[in-house]
Structure formats: C-alpha cells, structure tokens
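Read through the structure below, which is laid out as structure tokens, and then see the notes.
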Amino acid sequence: MGTDGGTGRMTSEEISGRLKEKLPEAVLAFEELPGTAGRVRFRAESALEVFRVVRSDLGYDHLSMVGGIDWVEEREVIYLVWSDLRRNYLLLSTRIAARDAHIESATPVWPSANWHEREAWEMVDIRFDHHPDLRHLLMPDGYAFHPLLRSFKLHEPEELEVKVRRV
Amino acid sequence: MTVQSLYGVAALVAGGIAYLLPFLPPWLVTIIADVVFGAILLAASMINTIVLIWYERKLLGRFMDRRGAMHVGYAGLLQNFADGLKLFRKNTYKPREADSLGFYGGPTAYMVSSLVIFGILPISTGWDNGSLPLSLLLALVIFSFAPLFIFLSAWSSNNKYSLMGGMRSAAQMIAYEVPILIAVVAVVVLSGSFDLTTIVSEQRNYWFALPLFLALIVFVAGMLAEMERIPFDLPEAEAELVEGWNTEYGGMLFAFFMLADYLRALIGSILIVLLFLGGWTLPSYVPAALTSFPLAGIFWFMVKTYLVFGVFVWVRASLPRVRTDQLLRVGWMRMVPLALVSVLIAAAVVAAHCLPVLGCVPGLGS
Amino acid sequence: MWINMGPQHPMTHGLWNLRVKIEGEIVKEIDPEMGFLHRGIEKISEDRHYNEVITLMDRTCYVAGIAWEHLYIQAAEQALHVTPPARALWIRVLCEEMQRIASHVMWYAAFVQDLGLMSPFLYGMRDRDLLLDHFQSFTGGRLTYEYMRVGGVRNDLPPGTTDRMRKTLDWLMDRFVEYDRLCMGSEIFRKRCDDLGVLKANDCIAYGVTGPMLRSAGVRRDLRKDRPYAIYDQVDFDMAIADSADVTGRYLVRMEEMRQSVRILRQVVDWLDKHPGPVMAPNLPRWLGAPYAPVGREGYLLKRNYPKGVGLSAIEEPHGEANAYVVNEGGEHPYRVKFRSPVYVNLSAAHKYLVGYHVADIPPIMGSVDVCVGEVDR
Amino acid sequence: MAASTEPKEGPNAAFLIVKPMATAARQFVKSLVRPSTIVYPFERLEDPSFREEVKVESGHPIGVGPIWDNYRGVHALNIATCISCNLCAFSCPDLCIEMVTVPGGDPKHPKKCPQIDYGKCSYCGFCSDACPEGCLSMTTRYELSTPNRSEMIYSPQKLHEVFERKLPMNPIRLERPENEDAIRLDAPLCIGCNACSRDCPTSCITMVDTPKPTAKPGEKLPRRIWKEPVINDSDCVRCGTCISVCPKECLFWGTHP
Amino acid sequence: MSAPAKAIEAPPTVAIPSAGVAEVTAPAVPFLEIEGLRSQQFIPAAKEALTSLLAERAHGKLIRPVFNWAGRNSLFPLHWGLACCAIEFASAFGARWDAERFGVVPRSSPRQCDLLIVNGTVTWKVAHKLITLYEQMPEPKWVIAMGNCATGGGPFRTAYSVVPGVDKLVPVDVYIAGCPPRPEALLDGILKLEELIRERQE
C-alpha cells in the first residue's frame, strides 16, 4: 500500500535478500503481507540478532507493537516495526513452544518494547528474558491467570443481587 | 440540650435584654450595642459574601457561555444558601492522624481573622465604627495573617496535598506582601494618612487610581495573590493538588474555608475601592442628584465593590494559573519596581502641589 | 516523598495512577500504574462476530471512537478479503477527520483546564457538541457510533448533511482563532508551556512515541501522508510540524491539525456531493451480517470453509499511530485481535518528559500527551 | 509541505494578558444576549425549535438541524407484527435480549417477544437492523433513570407501550441485500419430520410429498416420512429457526440460486 | 441623645428599678429601632414563637424540610472520570447543558462531595479504591450508577476484570441506563435523585 518513488525505499525482495544474507540461519521465511513490506518468520533462539539487524541494517527504528498469539500448542510473538526511511511496516514473527514459552527481550534494541512485553507476558504468558521490569501492567499484582490464552474462557456473571440502601 | 431549648434560651435572652435596656448602666448598653452592631455587621458581611458567590457564579457563567445556577430560588439566588445549609448538616470527619487543634482551629481562625477586618473597614459617612488612625495598616496586617492559618490547617490535616498547598501558601506570601505594602505607601504618601476614612475623603476631587495607576495594578495583582484566586491560586491548584490545603476538609469546616475565601475577596475589593476608587464618594463634579439620595454612599460603595469583584471574575475567566517560581519572579521583578515607581509618582504629585505654580491643582490634601 | 496522583485525581483525565517521587516541588522519579480500566476488550473480541466487535471499538477510545472503528474495520476487511466501495471510504475519512477535530477540541478543553483556565473547557465542550450533533445526525450516536460495518458503512449520509457541515466548519475556523487568542496570546500561557516536557526527536523514536508529540519534535511522520490509507492520497493537506518538542509545540501541532482537518473535510464534503453511490460492498457473505447485524447459529460457518487471512491496519489516530492486527482463522469470530494504542506507548516514555520538572508542571505535560485511558488499558 | 505551526497569535502586548481578556469579554457580551445553554427540563434539543440550521451569525451554536431522527434510544416493539423469529436476540452483541412468552400464541407454539434489559443494552441498533418485519425499532427517547435495577428490564408489553406513544423512530431502515443466502436442504438426510415447517415463524415452509423410492433387493429403505420441506425464499426472513430445530442437521445456509 | 423619654408600662410581674433610669444614654446606633423592640407586644409574640418552636413537630415541619431542600439542591458530585460516561459527564458540565444550573458542582476531594457518580466501567483493580472514596465521603451521601457498565457491567460484564455492577460494592440510589447516557439523561437522573431525597425525608 505504501507509495513508491521515495529515496531509500527497498522492495520486499531486497529486504528479504538482505536478511537472508545477514542471517542465513535465523530467518526461516519471508512472506508477502499486504500493507507491509513483508512478514519475516525467524527462529526464536536468535531473536536478538534479528532485532539488531532489522534495526540497524534495515533501518526499522520504530517498534510499533509486540503481541502474543496463543496457538494452543505453540505461541506466536509478533513484532511490528516501522522505518521512517522506507516508510513501511515490517512484521516479524516467531513461534515458540507453549510449554515454558520464553524469548529474548527486545528492550535493548527498542526501548519502547518495555510495556508491550510486560503486557504480552501477563496476557499470553510469554516470558521475556532479560527484561528490565517484568511485572504486571494491566492486571493487579499477583493475578494468577493469563487471560488471552485460548484455555481461558469468559462466562456470564451470576445474576445481580440488588441491595436496598438504608434510609 | 436540644435544639428547641436553645431557641428558647436565645429568645428569652434577647427579650430580656431588650426589656431591660433602659435600666442598664451605660457601659453595658455600649457593650450590648457593640454586640448588636457586630451581629448586624456579621450578618451583612455574610449575606454579602453569599451574594458575592452567587454573583461570581452567574458572571463566570456568562463568561463561559452558560447560565450558572438558576433553578434554586429566583435566578439561583438561594443556591448558596442551600450549599451552606447542606454543608452545615454534613458530617465532618477528622482524619485519624490529624492534629485536632490545628484541624479545627485553623479554619476557625481563618474565618475569624477575615471577619475581624470588617470591623475596621469604613463603609460610608458615619458608618465607620469610629475612625482608627492606623486602620489601613491594621486591616492589611490582619489580612496577611491568613497564610499562617492556612498552613496550620494544612499541616494538621496530615495529607501530602494539603501540606504542599500550605507550603505554597506560606511561600508565595513573600512574593506579594512586599509589593502590596509599597503600593500602599504610594497611597499613603498621596493622602498623608493611614486612616481609611481620611484616604477616602482625600479622594473627593479625583480618585487615586488616576495618578497611581501603576500602584493600582500592583495592588490588584497582589490582592489576587492574597485572595488566592486565579491566576495566583497555587495553594489550591486543582489540577495538581486535588483541592489544595482544604483537601481533607468537609462539611462546615469546608464551608468556613469557602466563606472566608469569599470574605477575603470582598475585603480585597473593598480595599481597592477605598484606596484607589474613592470609596463611597463620587468626584465632586458629578451631578448632585447622583449622591444626594438616601444611602447614596453605601449604594455607590457597593456598586464599586461589585464592579471590582467583577474584574476579578473576568481575570479568572481568561487567565491560566502561574507557577510558584513565576509568581515569585513576577512579584519581585515586576511588581516591586512598578510599586516603587508609583511611590515616586505619588511623591512627585505631592511635590507638585507644594510648588507655588502648581498649587492650584484641586484636592491635593490640605 | 512519594505521591500517588490517581486514580482519582483531576490531573489523570481517566483512571490511572501516576506515582511521583518529589523533592520539594521537583519531580525526581515517576512510576505510572495502569490497568484500572482494563476491560479485556481483546479477549471479548474473540467471542464476538466481526461486526459485533465494532461496539467495543467505540468504547475502547471514547474520545476517538470512530477512528478506532476505522482502524479495526480496515484490519478486519483485509483479514476477510472484503473491499468496500469508494463512497464508503470517503465517508469513513469524513468521520475520522471529524473525530480528529472533536478529539483535539476535547483535548484542548481538558488541557487548558489543567492550567487553571476554565472557560476554554466550556468553549471546547460547546464546539465539540456541534460535531457530535453531526455524528448523531447520520450515525445515531453521540459517543458510541456503531456506524462502520465490514464492507462499508451502515447507511449513507442523510440529505443536507454536507451543507450543514460546511457551515459548522466555518464556525469552527472562527473558534480556532479564539482558542489561539486565549492561549498563545496570553503571556502566562507561554510562560507556563514553553520548554516544558521536552522530548527530543531521538528519544521519541527510541520510545516509539507517535502522533502530535512526535511531530512537535520535528519528525515528519504522519501515516496519512507516509502510508496513505483509505483515500488520504486523494485529498490535499499538509503535515503539521513544530520544532520545539515541548508543550507549546504539541499545542501548535494540534491546533494546526484541526485546521488541516477542516481543509480535508471541505474536500471530502465536496467529493461526497458529487459522487453518490453505494456505501456497502455487494455480495457480502450473509454471516458477515451486512447490512444485517451478524446472525448465525453456532457452527454453521464451519460448513463453509471461508478463506483464512491476516489483517494489519495502521491509522493516524488523533492521539498518534494506532495499529490493529486481526487473525481470521475461518471462524465466525476473529481468532485474535491485537491493538496498538498510541497513548499507551506515549505514556510508557513518561519518565523521559516528566522527571526534572515541577509538580505544577505535571498536569500541563500530561495534558499535552492527551491521555485516553480507555485505549491504554483496553 | 509541512504546514506552518508558527503561533498565529503571539503575545504582542508588553503587559501580557490583553488578548485573552478581550476574548473572554467578547464572549461575555455575546452570551449576555443568549448563552448557548439549553435549559434542559424545560427546553429539549429534540424540540422543533432546535431543528434549525446552525446559527453561526448570532453566535449560538445550538442544533445543527434534524439530528434527532436517527438517534438510538429506547426500543419500540409492535407486538402485533412480531413473528417471534428470535433474530433480535441472536443479533444482540451484549446478549441483553431475552425472548419471553406473551399472550396471543397458541399453547403449542407460544408467541415469544423480546424483553430487553437496559442495564446491559449498548444501543448499537443491531437488533432493529436485524428485525425482518420492522416491528422492533429504536426511538429517540433517552431518559431511563430509575432507582430500581429491576425497572430497567423492559418487558414486551412495556416496549409496546413505548411503541404506542408514537415517538419518532429511526428513519433509516436497511434494505435487504440483493443476493441473500438462503436455506437449503440436504435432501438425503431429511426424515420429513415437519419440525421446520411447524416452527417456521413466517410459515414459508411447506411439506410436499416425495416419491417413495422402490427398495432394491437387499437394501433397506430408511424409516421416514416421505415428505420434504420446500422453502419459499421470498417469504423467508432468514432467521434460521428451521436449522436449529432440525433433528438431522439437514438444513444449511446456501447461496442464492 | 434621647433618653427613654416615654414612660414604659412594664408588666406588673417585673419590678421597676428605682434609680439610674434617667441617666441611661442611648448608644450611638443610628439604625437600631430600640423603641420598637420595647413594645409590649414583644413578650407575647416571643412566647408564642417559643411555644411553636418548642413543639415537637416544629423540627419535622420546619427544620427538616429546610435541610432536605438544601441537601437536594446542592449535590456536589465527585470529580472522577472512569470511562466513556465520564466524557458525557463532562459534557453535562459543558456550556450546552450546564449542570451547575441545578447546583451540581464537581469537587475533587471526596470529603466535600455528597454524590458519587460512577461514570464508567469499574474493574476489580479499582474496586477497593472506589469503596475507599465512598467511605471518605461524609454522610449523607448518594450514589448514581451512570451507564450500563456501572449498572451491570455493560458490554464488558463477561470480562475477567470487570465488576458486574457497582451495586456489588456500594449501595446505588439511582441507575441511569444508556451507553453512555446522554448528558440530558444524566441531568434527568440527578433530578430523579432529588425527587428521591425529597421522598425519603418522611
């Protein structure tokens, strides 16, 4: 969807080529995704390298969001990054096993990942290693559940009992 | 003792005193007269204050393109009486860790110190309760007690916001008291007296606002700070300190604060009218019909006071709040020089009067 | 001394807690505490049909409801492979720009009130009500519109809307002058706001700060220009940029954005007058519920094997850049909906622009961020 | 290309505050004539006097024209035309609509009409969009405060009272789409049980005889009634009741022929 | 200067002092009509007023209605914005609806409030703070649940973090339906509450 003709813009092929060249093992696949430059699937173990390359070599200096998706057996972490130079988005995604899901934190590369990762941890139960401050953000401290897991079901609350105010 | 028996006792005492009046010794009658006078003054000032609140609400409403209180009583006139009665009935909680003496004593002293000034201010010819030679100084001194009581009540209510509000109140005092006093010096130089009645009568030919316009500006700004109104309402800055120093106060104690605030606003307006706008007099060249009807003095006095207060409301509707350091800077770097200049102007006017050539300038003292 | 500013505090404009460590009147350390309004919107969305999520979007960001509808709808349409007709796109841009003005006016009202000046609050709410009246005239709601549907918008504009809109825009342009006189024309305002809450460009980018805060630092990024969605490449407008990176800069950027929005709206209204047409995509599958509300028995869709998809959208919301990520796994409900709230990220950088200033500066700085807790906590 | 954000109003006066105070004073004079406040219980925005164009000239931004017709307030239900199709309840995202029995139906097939809990309703209008008969629509009434939580549950009769008060209703009703999905029959599964035809709210399903096939040797014919439903698509409101009552799941949503 | 010139016929029960009457000088209070107070009608009038005031029903007939009138006409809501309804709450205080017409002025400190308008979704995280605020308000106090979230959780009632109705936490006096209610609906709710307070005085 991004318009062409600006300076410093790269086509998706160039990006994927650069990624493959820099990180031949970490990058698993490069897919087309409308509205973005593409979707990079990478190996979770080498997350930090991928982040560094995407940020410094490819120039994606703005991290838009970090999200977690629960695919029951495994969990997916998505990173949406934007480059002011290229004027487009790039989606990084990786899958990790649901059992003891953990991945390296992106905060050294993008400081704005801090709250996103806190939220992803408390909602989808993905632990971010070396995160500076991994505690509850939206739920109260000590909340034991991870609501955005598929196993967490919502239900209608029980009927209201209306108290009568004393006069 | 029930409420009913209180009524009874009060009525009995009042009836008895009225009945016994002719037979009492003169000193006692004087005391009773003073008490009655004081009570009437109290009632008058209270009613005036409450009407002032109504006036501000209505005026502020129009400045803000709305109507203000209008459904309680005719045009909302009874709104503030309802507020007062409601606050009178409300519970008053004292926070557990609060200091009793300061928590209850602070608002009371604040209220009382504001009320006392009304005993000093002259209202019209013959309504001056005896002219005191230093009534201006006395009024200003009592007027500047308030930050002490504010700080007292703020500290004793054991709340961080209150404490910060009290600290600000005490800190900003040094920003405005000095320029106010220097501006007053200009008035005193021009009028040659510390007596408010004399100051007013000195303005029979022209108001001091004309030569001392700079002093008027300084005095108005200082009074805004003294009354803790926008743009200088730092101690109760609602945006950052929830309600400032009265955060922990509810019920009647809060009503005391509100009333005393507006009492002080009234006093501030009255002081401006007395010092700069000719008090209850009009310049001697206005038609006599304007000043000859009964109670003309009080009428013009009230009109001026309410207009001056209207200016305060206008300022409130159009200016944001300054910061503490900015208030200090304004006080010392702008208001003090302006006040000093106005003292020089006053001295120049007096000197000009002393010169034989210009001695014909009317009304420059005697 | 640690102070809790919130959750009930006039500064917060919502439901969050700013813990501040002060020495004297100087802020030394801060710790925002969020989540007091966490309503689990992303979770509830997984239990709803695609169109039913729209009712949640209005409530996600309650000052810019229709912008969030637009955000979600774009992602959902991409995930569901639906293309709306052109007129629907223009109407959506009309809504979004109106909402931008309404949101900025609301921001103006609240922000200036933080500085102790009350009348702009009243003026702002008054002028915002005009825009809400327009919204009400064609969506039927004042704050919660429920107007957009997958594949278009619910209904066309009623006759006369565009003419009334032009008059309102003229009125608003006059009011913007008034706003500027009250703020920029006031020395106290300038003294309060200049060099306050400075967040330089490199910090903005590092912490992901977007929107007027970013543009006030001189960074030229506006998704409407850089990644034109809907029909923003067909309208003519300028990006509002300031260089001061402080509260005054944010004020100026927002005021200029309102003027540019009026400019966009005038073009959109002219276009809408000339190009009547359908506002809903034809041949939508019935279970998408357009124009009907979503109707379905549980599981009937499973027989149908609808193609899967992923939708990603990004819009320049009044507060900044918002993203939505919708995963369609072929079911009636979205498998996962993930949002990126701009205020959320702007708040997470709060220690960068709050520490070192006075306590009295916290309300204007936080006011200039334009906090909407609904979209932060979701 | 960037717009200039230079301050359009600089602080010009040496002493500071002239412009804002002049602005406030102008507003004061304007609102002395008539403030933009609506004296609510006595004046209402939905009154005809406010249905005028915006009065820019006089400075009173009250009302921008006929804004009220489309407002979504309390529902109005015409019980007489309600066909008990359940579509409103199914379309409600907040699950605030419950179908309750009202008098008027036969004992075997009781008439059910929506009962709306206004403590849950989010006024999205999906139910009135879904209503095939136009009997459930939204009025512009918005005053719903009550001291009792239970009074916020509006029974069908109460909703009918709202209807009888002839309040203005939402004028924009959505047209049915051209090519609508329709209900189709998976014929080999059908057992001819008549459940769909019996429960169809619009009686658009008729059971017609199907020829009983002759059994081949060794083959056992299914035990069934040799009838099949035929759906009249023009009368069908696509409520899906037949699908939910079908014991054999032989009805399904199909595309329009 | 005028001494009590007129001879006063004192009631017989009060003994007249013999000396010092002539020397009493009136105080310099120009506006106090002492003469009028001295009239003989004063004592019976005071007696009558006393008896009527002392009566048990006077309290109920005079004092309580006055305070009730005061209480219902000056409801100070707590300045607290929770969610979407807070925007409409603010609109109600805006220029167009101007809730201050009814004496409704928001205060930021719960000590000075007597009306808690719960204008939005209450989550479990904020629940105990809401209760604290309610308890900090001095009696008499009232609660309005504004909007569906406060009434019953609204569209979010199934969520894991939302209190399904604020009446589980504090006693609610008036519910206002709407999502969010229009500012008029809020004003209507406040007027309903005023009616409720009037009814409850008996």
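In this document, chain identifiers A, B, C, D and E correspond to the written order of the chains, with residue numbering beginning at 1 in each.
Operating definition for what follows: a residue touches a chain if its C-beta (ideal position, glycine included) is under 8 Å from a C-beta of that chain, and two chains touch if they have at least 3 such contacts.
Predicted model, so just to flag it, every value in this text is computed and none were measured.
S.K.: Quick one: how many steps at least from chain B to chain C, stepping chain to touching chain?
M.R.: Graph distance in the chain contact network comes out at 1.
S.K.: Show me the overlap between the contact partners of chain B and those of chain D.
M.R.: C, E
S.K.: Would you mind checking which chain's mean C-alpha position lies nearest the centre of all protein C-alpha atoms?
M.R.: C
S.K.: Tally the contacting C-beta pairs at the B-E interface and at the A-C interface, and name the larger one.
M.R.: B-E
S.K.: Average the CA atoms of each chain to get its centre, and name the chain whose centre is farthest from that of chain E.
M.R.: A
S.K.: Roughly how far is chain A from chain C, going centre to centre by Cα mean, in whole Å?
M.R.: The answer is 22 Å.
S.K.: I'd like the Å distance between the centres of chain A and chain E, where a centre is the mean of that chain's Cα atoms.
M.R.: About 54 Å, centre to centre.
S.K.: Any idea how many Å lie between the Cα centroids of chain C and chain D?
M.R.: Taking the average C-alpha coordinate of chain C and of chain D, the gap between them is 27 Å.
S.K.: Whole-Å distance, chain C centre to chain E centre, using C-alpha means?
M.R.: Those two chain centres are 40 Å apart.
S.K.: Mind pulling the residue numbers of chain D that touch at least two other chains?
M.R.: Counting only residues that touch two or more other chains, chain D contributes 17, 20, 23-24, 27, 35-37, 39, 93-94, 122-123, 148-149.
S.K.: Which residues does chain B have that touch at least 2 chains other than itself?
M.R.: In chain B, 61, 63-67, 70, 238, 242, 317-319 touch at least two other chains.
S.K.: So which stretches of chain E touch two or more other chains?
M.R.: Touching at least two other chains: 94-96, 98, 101, 108, 125, 152-153, 155, 157-161, 165, 167, 172-173, 179, 182.
S.K.: Using the touch definition up top, name the residues of chain C that touch chain A in the complex.
M.R.: Chain C residues touching chain A: 34-35, 38, 40, 42-44, 47, 78, 205-210, 219, 221, 226-229, 233, 310, 312-314, 321, 323, 325, 327, 335-336, 338-340, 344-345, 348-349, 377.
S.K.: In their shared complex, at which residues does chain B touch chain D?
M.R.: Going through chain B, the ones touching chain D are 61-67, 70, 314-315, 317-319.
S.K.: Given the complex with chain C, which residues does chain A contribute to the contact?
M.R.: Those in contact with chain C are residues 1-3, 33-36, 61-65, 67, 69-70, 78, 80, 82, 84, 87-89, 91, 110-112, 114-116, 123, 136-140, 147-148, 152, 154.
S.K.: List the residues on chain A that touch chain E in their complex, please.
M.R.: 138-140, 145, 147, 152, 154-157, 160-167
S.K.: Which residues of chain B touch chain C in the complex?
M.R.: Per the touch definition, chain B meets chain C at residues 60, 63-66, 160-161, 164, 230-231, 233-234, 237-242, 316-326.
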